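Heads up, the next two complexes both have chain A, just with different partners, chain B and then chain C.
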Partner chain A sequence: MNIIEAKNLIFSYKSNTHEKVVLDNLNINIEKGSFTAIIGHNGSGKSTFAKHMNAILLPSGGSICVCKIDSKDEERLYELRKSAGMVFQNPDNQIVATIVEEDVAFGLENLCIEHEEMHKRVEEALKAVNMYKYRKRAPHLLSGGQKQRVAIAGVLAMQPECIILDEPTAMLDPKGRREVMDTILSLNKEKNITIVMITHYMDEAAKADRVIVLDKGKVILDDTPQNVFEKEEELLSLGLSVPHSTELAHRLRKSGIKIDRAILTPEDCAKEILKHKGNSYD
Partner chain B sequence: MIELKNIFYSYSANSSENTVALKDINLKINKGEFIGIAGHTGSGKTTVAQILAGLINPSEGEIVVNGESFSDYKSAARALRQKVGIVFQYPEHQLFEETVYRDIAFGPKNKGLNEKEVDECVRKSASLAHLKEELFDKSPFELSGGQKRRVAIAGVLATEPEVLILDEPAAGLDPSGRARLLEELRRIREEGTTVILISHSMEDLAENVDRIILLGNGEKIKDASTSEVFQDVQSLENCSLEIPEITKIIKILNENGMNIPENIFTVEDACDAICKALEVSQ
Partner chain C sequence: MIRDITIGQYYDAPSPIHKMDPRTKILWTLFYMITLFVVEGFWSYVVIVASTALIIALSKIPVKFMLRGLKPIILLVVITAALNLFMTQGENVIFSKGIFTITLEGVYMAAKMAVRIILLIIGTSILTLTTTPTVLTGGLEILLSPLKKIGVPISVFVMMVGIALRFIPTLLDETDKIIKAQTSRGADFENKNPVKRIKAMIPILIPLFVSAFRRADDLAVAMECRCYNADADRSSYRRFAFGKRDFYALMYAVIFVIILVVIKVVL
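So, the complex of A and B:
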């Protein structure tokens, strides 16, 4: 089943002199329970596409449906946003309350959810992102990674089918990045929540099931991370790169060292290299 | 050139308690160096940068500029401000003039240079920041994210600082934008400017800077050459940082009986070293 269906999706805006096409006839389906990463250089249309999945922007042409709801259907706008929650780059812009658990409850209060149910959902959401023990804290005293996890909990409390994250780790330190990535992966694998994540970090994209590469508002590549990152030269020409481990594997292969499979992580890379060391003792 | 001795910085979060942001920081900035500052969010990186740039005064400690120790912080700050230029996080938010040219010209104009000198200064810093002259008459707000950031950097370069501090200059840029920016920094350094790069990206630090200052919870944890810092996994982990991907691979290889120098950080060097090690063992 598809959670998101974009059909001939076009988005353009007019400045005083010319028309700029940002999304150029996109056809993308996102399947329920999948983890998709979207990469592309600055200005490729990634964030514009993300904003269509949450009806923050509406198509100029074509359509996008989220959980079978057309984003242009104004009467079902809340239903759509409940099904597909969005997390942005800067955690400080997303936190509204002065206590963590109140922040997570904010969306639910607006939906007039009963008190007991609200309590239960906030608790579950905070546990899912591993922030339950901070529930009474003031958000401004948390680290960036912790704040971002509170923002994810706020979306999670709405019990969405799908979470869209627009560069959620761009402003975080390495530990914060790891915490947020671990959270995203566990929500996908354990709670079966569909994830669409936009990122500039190739090593994060490598953790998804599927990588979509956008350029000038068009899909250029759409495949498993293994297959996408095999195309190093094409990615470089699009202003992107591959994870360092993948790059090293490509170089070693060019130098005549046999590496059969696609490499995405340092562990994989080391394992393949060590096979050759083993051979030398035969 | 600049020396901080036993620097403390604290601010009052509320009237009753003081929060100590920096504890007993000692560091030296020598002419012509390319220095990295790393640490988790809240470790004090930005506070150190602001003190070095003369934007805030320490609560305690001594500041030495060109061998002269200042008794009052006010004159120390004045001396620092003449020497040090700082590019803040997301500097594109600070652009304010009607055209790119005027934005870059703002600093030199304020210094009281005549029109011809200002013009020379603008052209020189624009070219250093890889900014084409055909953009001069555009509004900064019409530019792409990467271009805007280069305008902001050119604006700081135009004040001709001896020391350039950049706080996470590559955050939010795509891989090619990041690579170009780092190349510019290397060139600016070659032209004789001392560069201090604050970054969460261990890869960017590993491939560029000569020396790294590690901060954790407001204290200096380590201050040593890049290769020394990345071999000290314990200190990095204590600071919630990670080792670069290439270092990770080499560590696994060496734990499994290979013998590869651990002071290698670029993909090229790693490939050569691994090929050599495999040949030797065969």
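So, the complex of A and C:
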């Protein structure tokens, strides 16, 4: 079943003198329970696409359906936004309340969820992102990674089908990045929540089931991370790169060392190198 | 340096006043302010001072901390007292020289106004010191909710206050950063010339405003994404309940009024 169905999606900014096409006839379906990463250079339209999945922007042409709800259907706007939660880049600018647990409850208050149910869901959401013990804290005293996990909890409490994350780790330090990535992966694997993540970190994209490469509003590549990161030259020409371990494997191969399978993670890379040396990886 | 500014400062302590329902505290403060300006006579003020002292003791807020809050208003108290001292007309002249005349009534009036202002500040700061800003706005929302019926957007107002409180620390941090950035570029914030000092504020304020607007834009989108609709009804995570403490506070208010009335009648 598809959670997100974009059909001939076009989005353009119009001014008197010219028209700038940001999304150019996109056809993207995202399957329930999947983890999709969207990568692309600045201005490739990836954030614009993300904003279409939550009806923050409406298509200029074509259509996008989220959980079978057309984003142009104003009557079902809140239903759509409840099904597809959104997490943004700047952790500070998406936290509304002065206390963590109240911020997580914000979306539920908007949905008029009843009191007992709300407390139950806030507790569950905070536990799922491992922030329950910080529930009474003021958000400005948390680290970037913690704030971002609170933002994820806020979305999670609304029990969405799908969570869209627009460069959630871009403003975080490496530790915060790891925390947020681990949270996202566990939500996808354990709670079976569909994840669409926009990122410019290739190592993060490598953890997804599927990678979509956008450039100038068009889908250039759409495949498993293994197959996408095989095409190093093509990615480089688009101003993108590949994960560090993939790059190392490529270079080793070029210098004559036999590595046949696609490498995405440092562990895989280490295994292959040890295999080449005749040792096994433990 | 900028961190020292505490707006709506809260002093955490395990006291019965802290645990009281915010609505009780708001109403009590209102009631306190009214009595302060209605009562007359020395003994009535003795009763009010004594009961204020009792509440401070119950709230477990150090007296030193309370008095520190009075610092910014010292000037106001002095000016008010001085004006009353010299301007009040009366028959019992104590001192007279040129245009300055001090009468007994003037001294009385000056003392009364000074005590009133000081008690007013202490009374209201007990409310803010014992109640977190979110609880306070939550209590206000419920108390003001009858106004919703005549079309006053109370929920929106409370949401705005809440967001303002949420972003005070964030924007203070930002201001600190901007000051440091501009200082490293050679901006002079310590010039003796006040005109130059005011001019030096411009390169702080403009980036601050730009960033605040950008944040506001981001936040508005994020709130919309979480189904916020200013016109729709919302449920509330926080629930207030009147307890025993609130009942005692009410009883206390009644006794307080009775004592004041007795004083008025007897003396």
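Annotations
Please note the rule applied: the second predicted complex is superposed on the first by the 278 of 282 C-alpha atoms of A that agree within 3 Å, B and C clash if a C-alpha of one lies under 4 Å from a C-alpha of the other, contacts with A are read in each partner's own complex, and residues count from 1 in each chain.
Throughout what follows, a residue touches a chain if its C-beta (ideal position, glycine included) is under 8 Å from a C-beta of that chain, and two chains touch if they have at least 3 such contacts.
In this text the structure is predicted, and so the values were computed from the model without any measurement.
In the superposition on chain A, contact of A:Thr98 is made with chain C only, not with chain B. When both complexes are overlaid on chain A, the residue A:Pro139 reaches chain C alone and has no touch with chain B.
In the superposition on chain A, A:His115 contacts chain C only, with no contact to chain B.
Looking at the shared chain after the overlay, A:Pro59 reaches neither chain B nor chain C. Of the two partner chains placed around the shared chain by superposition, neither chain B nor chain C is touched by A:Pro168.
Using the contact criterion defined above for the overlaid structures, shared-chain residue A:Ala270 touches chain B, although it does not reach chain C. Counting contacts as defined above, no chain A residue meets chain B in one complex and chain C in the other.
Residues 132-134, 162-163, 165-166, 169-170, 173, 214-215, 218-219, 221-229, 232-239 of chain C are the ones touching chain A in the complex.
Residues 54, 56, 78, 81-82, 85-86, 88, 90, 92-99, 101-102, 105-115, 118-119, 122, 138-140, 154-155, 158 of chain A touch chain C in their complex.
The touching residues of chain B, counted against chain A in their complex, run 39-42, 144-146, 171-179, 200, 202-203, 240-242, 244-246, 248-249, 252-253, 256-258, 267-268, 270-271, 274-275, 278, 281-282. Listing the residues of chain A that touch chain B in their complex gives 40-43, 89, 143-145, 167, 170-178, 200, 202-203, 236, 239-241, 243-245, 247-248, 251-252, 255-257, 266-267, 269-270, 273-274, 276-277, 279-280.
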